[in-house]
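So that you can tell them apart, the chains are marked A, B, C, D, E, F and G in the order they are listed, and the count of residues begins at 1 in each.
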Amino acid sequence: MAVDVKGGGIVDTDEGAQELTPTRKGMEAKELLREVGCVLRLSEADAEALEPGPDDETMIINMGPQHPSTHGVLRVMLELDGETVVRTKPIMGYLHTGMEKTGEDLTFLQGPTNVTRMDYASPLFNELVFCLATEKLLGIEDDIPARATWIRMLLCEVNRISSHLLFLATNGMDIGAVTMMLYGWREREEMLRFLERITGLRMNHNFIRVGGIAADLPPGWRDEVLGLMDMLPPRLDEYDVLMTGQPIWRERLQGVGVITAQEAMALGATGPILRSTGVPWDLRRDAPYLHYDQLEFDVICGSYGDCFDRYAIRLNEVRESIRLIHQIVDMIPPGDYRIQDKKVTPPPRARIDESMEALIHHFKIFTEGFKVPEGEAYAAVESPRGELGCYLVSDGSAKPYRMHIRGPSFFHLQCLPHMMRGGLIADGVAVISSVDPILGEVDR
Amino acid sequence: MKILGIDPDLGLDGADHNLLTGSLEGLVKWARQKSIFPATFGLACCAIEMMGTGGPHYDLARYGMEVFRASPRQADLMIVAGRVSQKMAPVLRQIYDQMMEPKWVISMGVCASSGGMFNNYAIVQGVDQVVPVDVYAPGCPPGPETLQHAILTLHSVIASGELTHRRRQTGAGAGIQVDQRDGQTAGATPVTIGSR
Amino acid sequence: MNVLAAIEVTVSWYLVLGAVLFTIGAVGLLVRRNPLVMFMCVELMLNAVNLTFVAFAKELDDVGGQAVVFFVLVVAAAEVVVGLGIIVALMRRKPGSTADDVSLLKG
Amino acid sequence: MIEIAVFVLAAAAVLGGALGVVLARNPVHAALGLIGSFFGIAVLFVDLDAHFLAAVQVIVYAGAVVVLFLFVIMLLGVDRSEDLSVEPLGGQRPLAGAAGIALLGVALATLFLAQGDGDVVTGTPSVIGSLAGGENVALLGRALFTDYLFAFEITSVLLVIAVVGAVVLARTPRRRAGDEQVEP
Amino acid sequence: MGYLGGFRVTLRQMGQPRVTTEYPKEKRIKAERMHGRHVLNRYEDGMEKCIGCELCAGVCPARCIYVRGADNDPLDPVSPGERYGFVYEINYLRCIHCDLCVEACPTEAITESKLFEFSFVDRADAIYTKAELLVGDDGRPQQLPWEDWSDADDVAEDSSAWVRATAASGDARYVGKVAWSGELGFGVKEPELTVASYDELDDEEDAAEGKADVEALDGEVEVGDDHDHGDHGHGAPGAHL
Amino acid sequence: MTESPVDQESPEPVEAPAPETWHGVLIERDAPFSRCQLVAHPPREQYVGFVRDLRDEDQFWLCLDVTAVDYLTFQGRRPLPDGITPERFELVVSLISAKDRQRIRVRVQVPEDDPVVPTLFDVHPGTEAPEREVFDLMGIRFDGHPDLTRILMPEDWEGHPLRKDYAIGRIPVQFKAANDGR
Amino acid sequence: MTALLATGDPLLAGEIDGGVILLVLLKTLIVFAIPLVLTALMIWVERKVHGDMSNRIGPNRAGPWGILQTLADGAKLFTKEGLIPERADRLVYRLAPYLSAVPAFLVFAVVPFGGDFNPRSDGTIDGTVTLLGNATFLQLFDAQPGILLVLVCSSVAVYGVMLAGWSSGSKYPLLGSVRATAQMVSYEAALGLSLVAVVLVSGSLSTHDIVAFQALPGRGLLPNWNLIVTGVVPFFVFFIAATAEMNRPPFDLTEAEQELVAGFNTEYSAIRFALFYIAEFMATITFGAVIATLFLGGPAGPDLGILPGWLWGTVWFFLKLAIFPFIWIWFRATLPRFRYDQLMDLGWKLMIPLSLGWILLLAAIRSADTVGTDGQRIGYLPAVYVGAGVLLAAVLLQASITVGRRRRELADLEVFD
């Protein structure tokens, strides 16, 4: 099941979760985190006021919030000894959008428009997790039409590819491979165009809705998606030549930013970061949602927990997604693509003209939304970055009483100090890049 | 497009008042249009689209704009791509101040232009409260074509603008000052806007 | 102009220049406290000597003077390497130290 | 005419640079002065038919020595200006000045008093070779690799020793992570 | 030879065709479902479709729509019903093009066009009033000075009516049913050729069954009067991929 | 200690369920309010110990999330098991077990007048950032947290935005014809 | 006077009249203009070629095919507002760009950019052309130390980068300049050592003589280029060291955007930034010219007719020159950036030992043909000894590097446990 990524190709091994065995019994933070001192606990104001005294051997330097390698507006405060990173403090909040607050102000119907803007590299996952949580609250999670579920999976896998392509592009850029950046965008653009043809928007689709999806797939989608899946593998092979096989590339990434499985789990890391340490943790397999349990795919695992593993995992996950999409395309059944529940789904347009009741439903749903019974629910999906969760509390009205999104990047940023310690600045850049943080999801 | 102050369609008839100064001015404006170095200033979703516009399918390089400068000192254009939070606003202003004249600002996307759908405590409701904006690109996020349209609009702004001291007042932006902290749920009456 | 035209640059000019340069270097060495700057002054003195050697070589039509300068250059390079090593070691122990603090390196 | 101009300009660079070294408060400015001085000397070398030495002077001194100086200054961050108004030792400066004047006096005296007829240079050309005829570089090379061969080899040993010494000096003992930055 | 492999990759790309679309000169083909700026549609007789019900304003997550209805003058009605949209404004510095307004509109008065190449120098330009949003007398959207509509001939008739066609319901039985009235200049628009869900069935029998279902449904459900049933039959299965 | 409940098959609905405990903490496994999610309701004092027990005994190695809910306007109607006093704030911790991928939600009642909770940092260091976030946005303080400062809002910000008595801060949207009439 | 103008150029050997002065002025102008024009083209070509390599168009809106792009950039930067940061060292800050730009121009003075290097009827090669009635080299200044001027200029150019970073008074530029200094000083050693190989086989420091040597008939069909005569290795070392010297990718650590914002020139804007920009790209031209001169025979090449004979030298020169900028563009498109320590390792542990060993070997081989004092050819035996010694040294070096690395890794583990 676990896949060795070191060789560049996919090699089946039976190593599995070798790092999982040691128990964490009785290990507190101080023993567990080999270097508690790697986190720079210095408030921003203090850092500003800090004047380099004559006895300072280290200097404090701010990377960001406007810095080319911090992927948006992450600010990383580094304590440097020469060029060696000693302590680090990731500072976030520069993109705090108040989405959780806004989410409480929007109805469940409008909700997806809000959450989709969180992890803007993989918007469909946000919509999906919000809808899954809402459906759980509504108690309709088992009644979603199969077609809707499969289409959701198709779109999500396409989105996962585009998100990983974004990572490959920016990772290439951060390591200095300019062309890789452009190749990544080139391929990603094809993905976006495919999504645009389906959803009408290139990003922030608002397409996955509570109870199903907004519209059916357009004609020709099958050829298109299969065409894309044919186009990608040779391109991925090119990336392998350009980067994976490139000695400079390997030198830059191998053994850089190492994190162990225990640390990663203790820090709440999920997704490629956890998998890079050898833990085959993938919600699609471990806690199957949608219909992932009906599909055959491998969970890509690393073994060293370094930047190269994280890069290779993502590259090979694109291949896995292609494999998944090939299966999904054949599985999409006919039928409804939205739950036929008058409470949740607006009536068909044609019915508005014929039935007063439908018209009233239409008005009610679009003016006040649909009411969701009291309760709380948490849903999680495996986004390209890790476990993306949505915690919803409803007080019985049409708006969430509390909406909270658990963004994987938010937790991954905590790993930065541990990964960056002892490396050079250039390593730090590689580490930030390999974490692939999307700040929209971090700051929400 | 005028080259050296002379419109190729009009020939010398279209030349500016004084051939020498006119042509110099034309050259400068032409150069400023053709060589805009944007600052790498990405905030959110729009930044992804901005980078996508730099990608092969749209190719900002055609406008001579692929030279994204990480240092604001060397940049001419700040594309505010994404929502500006209250925490980011001072940083944004600082970076703007670090840019050298002549400098331009494109407010890319509705979040930057007005806060977009995030009409709340955390987001600056329009980046023009912080920096003066030359071109607004609507959309959430604006597609690459919209951004390119905004860039072309900016070209015409440059061509028609003053050569020097193009912005006397750099302190405030559009003059819309909204105190958001005690703002309550939307009032019934929207306000009219001030314009730039 | 005629006066100027009559004047010829003789070897003495170079020698005087070398002497003045040497003196400046020596005074600087005595006056400054920053070990780096003192080092630079030593370089000045070496150069003054080099200049003299080359001037003599030219005057005496002898390549030996230039050969010596070549060796001086090598020695200067070696000296700088070691000297800077010492300064780095010194500054690491006590940032902002002066030449008086060389004793810190003992033991 | 031109020779005078060249000499004067070069000499000005040399002396100006040297004064800069001594008087600049900031070590980086001192280093810049040093470069200026070296360039002047390189020009004088050219003037004195020592083309090869001129090039080597710039490469070695400007290209390596001063770069090293600057590198150390930047690496150690000791680029803060020195306050020259404070005299660490009482009376040091007047004494140094006096010593300098004395030195200069002695040097000039040796120069000009050696012989009365204005020709300050005496001596006979050595057997090694004349500068006349042939290229400067070839002459110098021949001299170095024949008559000065032994000295040449010794300098190579010297360089090796210097490099080893510098490495030993600059090496910092490896610190153990436990020693520092424990949780405050 | 890992060092050299990459050189081959980059060099090979030099021989490959460029993928760039030179935007102002040429435009990429727009997706049928693309969300552009809105238009306010009119009936074929020139009447406005908007009835000022404010559903769009209510559902807008960005609250960028401002509608104020007014009663029609019976002698000179603006719209067929009692009320019409007296003020209709969209602030494009807030609009996120999520299309919820289009889904909400009961009279398909507001749809999203394919125009999105626009940008403003003045904030005030971004607030489109009804006069600017309303389609012209030829049924085509009006072009404002700051809009680039050079490909209008190709896309003017496209609107985001696909959602209307499928009517946000997901009910496969209604897919492809035309449920709106004609538009000025274009008449009754065809529904988007969506994959009628029953067409996905593998064997013909099931497909026929599904089709029969649809037809049966057609019979029992009285759909709007001005729908073209023939088109529907042609539109759905024929468009299969 | 009882046998680990996660080992059992799907919970069967029981009439008038007896209060079930796990590591000495009241748990609910089929509450409709929580949509049949396994929920634990430890008191504030027991909370860290409970999570530690879960980690050490039952392989709940991943702490996925720490968040909080302000029940200010939803106070009375919220069902809680007997013995748990509803308070204004509720800390919600999500854990997942590496053994069988069982999720558990830990809900801790935090009173309004003393919003202090012991930190989970020592048990799960990964809670550092989310606890800071909860402090920042909800105003719950964490005792023993190594660096309890604002994380998302500017350091000099006043108030805790996610509290229900904190307005969303909406400003009016600009329209042209807004001021005439109405 | 004569000392200052010591040169092999026949132009200055004879009477200096108006024609000669005119010719010198003309050459000066050309030597100034060529790099400038080529640099402008280079920037444009780089953007275009890089565009092609990623399926894009590249600049195409400024002038036909965007060829005026560089002009636009220059004109814009020229009219942009300059600024001296508050914390900057004003004097040094102003000086630095010129220290960077001027040496870039100077190098071209010693490069022969043309000349008729085909053997005359009497079998000699003089490489002169006759212009305005005077025989002259197509080269501004054929200095005696000749090629050393290249080293001089590249060592002076370090100061521009170094002082720019330091004088800006902020941290990123300082880091950039520290990197730049270490890098350039390290690679200058490799640069110089590979140069020695060329000088060794050519027997002269003068660029003109080096070209003339390469114009000699070679063995078989192969030209007598130093590329072949020195055995390729010095060429590669020189090429890589040159890449590092001018901070081209994959050695562009000094201005690695992802790491140091813009490195040493972060605080520079307007015209001063333009100077750095020009200097950087001009380096590709001048180093391309230098490599063409040193290793590819410079203007030496057969007269293929059509054009006047003396022009062929120039044509050949520019053709050879054009190869290298293209390769550098290709580098940028293909290779990821080195890390600082990898860069140092490459320089000190591979390039310098390699070129040192190669020089020894080359010298030993060349001595084989020399006639000793006893009238006998020395023969290849010494070369074999030297070769064995070099090999042994290489093995030892490799072993020590491996051991050192292992020890460091162990120490790292210890520290972090």
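Throughout what follows, contacts are C-beta pairs under 8 Å (C-beta built on N, C-alpha and C of every residue); 3 or more make two chains touch, one makes a residue touch a chain.
Predicted model only: the values in this text are computed from it and were never measured.
Engineer: Quick one: which chains contact chain E and chain G both?
Structural biologist: Per touch definition, common to chain E and chain G: A, B.
Engineer: What are the two chains with the top count of C-beta contact pairs?
Structural biologist: By number of C-beta pairs in contact, the leading chain pair is C-D.
Engineer: So which chain is farthest from chain C, going by the mean of the CA atoms in each chain?
Structural biologist: When every chain centre is compared against chain C, the largest gap points to E.
Engineer: How many angstrom between the C-alpha centroids of chain B and chain A?
Structural biologist: Result: the chain centres lie 31 Å from each other.
Engineer: Measuring centre to centre with CA averages, how many angstrom lie between chain D and chain F?
Structural biologist: The mean C-alpha positions of chain D and chain F differ by 72 Å.
Engineer: Just give me the whole-number Å value for how far the CA centre of chain D lies from that of chain E.
Structural biologist: 80
Engineer: Would you mind listing the residues of chain G that make contact with two or more other chains?
Structural biologist: 51, 53-57, 60, 257, 261, 333-335, 415-416, in rising order.
Engineer: In chain E, what residues contact two or more other chains?
Structural biologist: 3, 6, 9-10, 13, 18-20, 22, 61-63, 66, 91, 93-94, 96-97, 123-124, 127
Engineer: Which residues does chain C have that touch at least 2 chains other than itself?
Structural biologist: Counting only residues that touch two or more other chains, chain C contributes 95-96.
Engineer: Provide the residue numbers of chain D that touch chain G in the complex, in ascending order.
Structural biologist: Checking each residue of chain D against chain G gives 2-3, 6, 26, 28-29, 32, 35, 46-49, 51-52, 54-56, 58-59, 62-64, 67-68, 70-71, 74-75, 79, 135-137, 174-177.
Engineer: Please name which positions on chain F make contact with chain A in the complex.
Structural biologist: Touching chain A from chain F are residues 32-35, 37, 55-56, 59, 61-65, 67, 69-70, 73-74, 77-78, 92, 94, 96, 98, 101, 103, 105, 121-130, 133, 137, 146-147, 149-155, 161-162, 166, 168-170.
Engineer: What residues on chain D touch chain C, complex-wise?
Structural biologist: It is residues 1, 3-4, 7, 11, 14-15, 18-19, 21-22, 24, 27, 30-31, 34, 37-38, 41, 44-45, 47-50, 52-53, 56-57, 60-61, 64-65, 68-69, 72-73, 75-78, 80, 82, 88, 92-93, 95-97, 99-101, 103-104, 107-108, 111-112, 118, 120-121, 123-126, 128-132, 136, 139-140, 143-144, 147-148, 151-152, 155, 158-159, 161-163, 165-170, 172 of chain D that touch chain C.
Engineer: Sort out for me which residues of chain G touch chain B in the complex.
Structural biologist: Residues in contact with chain B: 47, 51, 54-62, 66, 68-69, 71-77, 79-83, 257, 261-262, 265-270, 273.
Engineer: Mind listing the chain C positions that touch chain D in their complex?
Structural biologist: Interface residues on the chain C side: 4-5, 7-9, 11-17, 19-28, 30-34, 36-37, 39-41, 43-44, 47, 50-51, 54-64, 66-67, 69-71, 73-82, 84-89, 91-92, 95-96, 98, 100.
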